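Look at the two complexes coming up: chain A is in both, with chain B in one and chain C in the other.
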Partner chain A sequence: MADNYEEMSCSEAKELLRKWRDDNERRSDEVVQIFDYCLADKVKKLGSERLIVLEQVFVAALDCGRIKLAEDCVRVLISEFPESLRIMKLKAMLLEALERYDDALDVLESIINKDETNAAARKRKIAILKAKGQISDAIRELCDYLRKFMSDQEAWHELCNLYMMEGDYSKAAFCMEEVLLHNPFSHLIHQRMGDIRYTMGGQDNIEIAKSYYAQAVKLNANNLRALYGLYLCCGHIVNSKAPVNKRKEAQKLSTWALKKISEITNDKLPRSTKSSKNSNQSNDIAALEAAFGNLDAKLN
Partner chain B sequence: MAEISISPKAYIKMIFHAAKYPHLAVNGLLLGVKGNEKSKVEVVDAIPLFHQCLYVSPMSEVALVQVESRASSEGLQIIGYYAAAENFYDNTIEKAPGLKIAEKIVDTNGSAYVIMMDNKSICMDMKHPGIKSWQSNDGKWTKVKHNLIDSRHTLDAVSLLLQRGAMKEIYDFDNYLDNVDDWTNQHLNVDLKQILSMH
Partner chain C sequence: MSKAFQKLVLGCGLLSLAHAAYSAAQHRTYLRITEQEFTTLPLDIILQAVISLAIIIYSILSLKSDWKLIHATDLQEKSSWETLSNIQSFYTFNHRGKAIFNPHYLQPAPVSMDSLH
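This part shows the complex of A and B:
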């Protein structure tokens, strides 16, 4: 990854920005740097991508607090598409960045009045509530939004985060389950479900968490969080009043998880530091074993 | 009431962690020397923990165990918790994300300190530390004074480093879980030692 954007040519810059747009990577700091160094005075060379690059740079400029740059970008976009709702949304984002929330809300309301199906404007209104710290209002509005736009995964994910901020883990779990329905093979979502259930606590939730973590590991054996999660859940089950066969199974699974964790953490160490780091890593593992109970003791 | 001193290394690591993820909440642990008298507490080091999903507990349990074990091997112990909120304006203890971790530290060690970063104060030219500190007190958190050691030089150093984008060099526990990066930041500790001795 070249940190040296000064030496980049216009076409390389164009290529890089396109890649980030396609992969949905925000990278605001870098986008603004690239624009400053390579593209600012060569905007016309961007050809057919000029306007979409300006939109990308606009959002990046807002993220970096470069209001003047954002205003310059949006001015060009407005002159090209004076009636566009997409551009109006950008205007609203600019007002949000300036913390002129009431003006931003007016612009968003007018977008929604012109087009009831415009999801983006509704979500920006919720973002404003979140920025103002009005989390319970944001939750209420987001629930309303989801009644109309039920398959918006991003919204379910956001609602999950908001519920977790308020400590309402059971509702957060419900939201994450909706995301899981859209992504049944995502090891990350299974692992996140495991995290939420584990946090809720209690024997049943730990069992459920264990199955989510196990599924995550099945989908990606290198998911270190899922392996640790599996280890923790099995530790709880072994130390609980569950029937002996369940506890034995949990112990086997726990030993396996710990072994995988050691393999992964030892594997990724650079060769030169292996000897000293190795002992550190094995101390970390030993500390885990000590803290989460001697697994053998309770099974006799 | 006890005042806590904060070492330049700990302070810079906290600021780096917050600056590396300006759009997210971050948190981490504070380390101090074992068995210090209550009146002379110094935060010797800071261990950055998470920037993703601070509200779930399993990884923080793993982190607490591993950090305690490593700290112990260096004669240190976990004495507190630091956090920076996602919302730009939140800088009070009521808004501290993941405060459960701090409560866990109180349960284990009897007492803990909490440092909240004041997001508004973090900039490329730091004129004052921009943090607030609390101490556990019988189930409540009471404000406590803090003192940044060698503050003039530390603030100059951190401002210069932020301008150069040095905050990208710090690794937290989330980075370790994703890529097995070094959450103890050995390389950064060495670099910071050199830089601070030059100032």
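This part shows the complex of A and C:
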């Protein structure tokens, strides 16, 4: 797939770009390659999707440091919408990529002056702080922003990431809980909550992490990371000073999780290699188990 | 409950519903013979029809009970943490991308140690 962008037809390329847009994938390098090989001469043929594809390619080009291509894209967009605030934001992003942060901030300020409710420009300002490495300032700004736009999931998610960069896990957990409230059925967010609690460590947090992982597994039985987290949490509880009945329960749960893990990993192997690799697989799992067993012992 | 008993209940329900329909038809004929104006069906026929319908629905549901669960996560099963944690509005661009993907990238001149002193 990765190598035959050159042979792709225009409609296939369009289709693929749309899929990536909908799935919220970054894949900047591929987007730029597809544009170079298939779409560069046929931009007019894209029809109603032309402008949105140009925006996508613009962001991808910035990601790849292809300033020239980004300038070409934004020039077309400006000629189409000379007054648009959305295009002005793109200009600010271009300045950002050129590391002219103060100019970018000026542009963003002027957007916010024209439209107080423009959330995207405010978020870009925070991204600039992040790009400059001023994480604590970015956190302050983002908290300010969230006071005004409380239901912005992306912003809560980003605040969680920023807190994690600073190592402030309890606040990161709070932000992730906020995201969880927006998607109570997302196994990935449960899994993330489990990750954060597990990282925080300590008996109580491990217990909480265990229940988050368990919920993630309940929502999606194929979530390998959550299963593994569940296994590790149970391992901790078994080796801790918890009451005996709790330890017994954890023991049961950890064997169950391990069984599920080996089922999934065996299923994923291609049929032909299955029999030959099966023994390898169980050896690997045994080795992993031994390694983590040692870790647990050291931690205590 | 056994399958046979449930089938029996279903049969009774169907018969009872058919009987209610027959009674309703009979009632109309009776009214026509006695030359009365039709207003509404008697309460017992309506009740019989409703109750037997409920019985039929219940027994069919429990007879054919190998239903599939609707998973709330079916749609998300394919999404990964990579796409979920990709937050577009907070992209930053000062990363290795420009060095890896741009063929014309010029490495910035190394900072000489003398300038640091």
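FYI, the second predicted complex is superposed on the first by the 273 of 300 C-alpha atoms of A that agree within 3 Å, B and C clash if a C-alpha of one lies under 4 Å from a C-alpha of the other, contacts with A are read in each partner's own complex, and residues count from 1 in each chain.
The working rule: contacts are C-beta pairs under 8 Å (C-beta built on N, C-alpha and C of every residue); 3 or more make two chains touch, one makes a residue touch a chain.
Just so you know, these numbers come straight off a predicted model, no measurement behind them.
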item: First, second, both or neither for A:181, with chain B first and chain C second; value: neither
item: Touching partner for A:150 - first (chain B), second (chain C), both, neither; value: neither
item: Partner chain(s) touched by A:192 [first = chain B, second = chain C, both, neither]; value: both
item: Touched partner set for A:131, first chain B, second chain C, both or neither; value: both
item: Partner chain(s) touched by A:287 [first = chain B, second = chain C, both, neither]; value: first
item: Which of chain B and chain C A:228 touches, first, second, both or neither; value: first
item: Contacts of A:219 with chain B and chain C, given as first, second, both or neither; value: second
item: Chain B versus chain C as contact partner of A:62, first or second or both or neither; value: second
item: Which superposed partner A:96 touches (first chain B, second chain C, both, neither); value: second
item: Set of chain A residues, in rising order, touched by both chain B and chain C; value: 63, 130-131, 161, 192, 225
item: Touching residues on chain A, where the partner in the complex is chain C; value: 23-26, 28-29, 32, 59, 62-66, 93, 96-97, 99, 119-120, 123-124, 126-127, 130-131, 154, 157-158, 161, 185-189, 191-192, 219-220, 222, 225
item: Sites on chain C touched by chain A in the complex; value: 72-73, 76-77, 79-95, 97-102, 105
item: Of chain B, residues touching chain A in the complex; value: 23, 53, 55-59, 61-62, 65-66, 68-70, 73, 87-90, 97, 177-180
item: Of all residues in chain A, those that touch chain B in their complex; value: 63, 130-131, 133, 161, 164-165, 167, 192, 194-196, 198-199, 209, 224-225, 228-229, 232, 264-265, 267-269, 280, 283-284, 286-288, 291-292
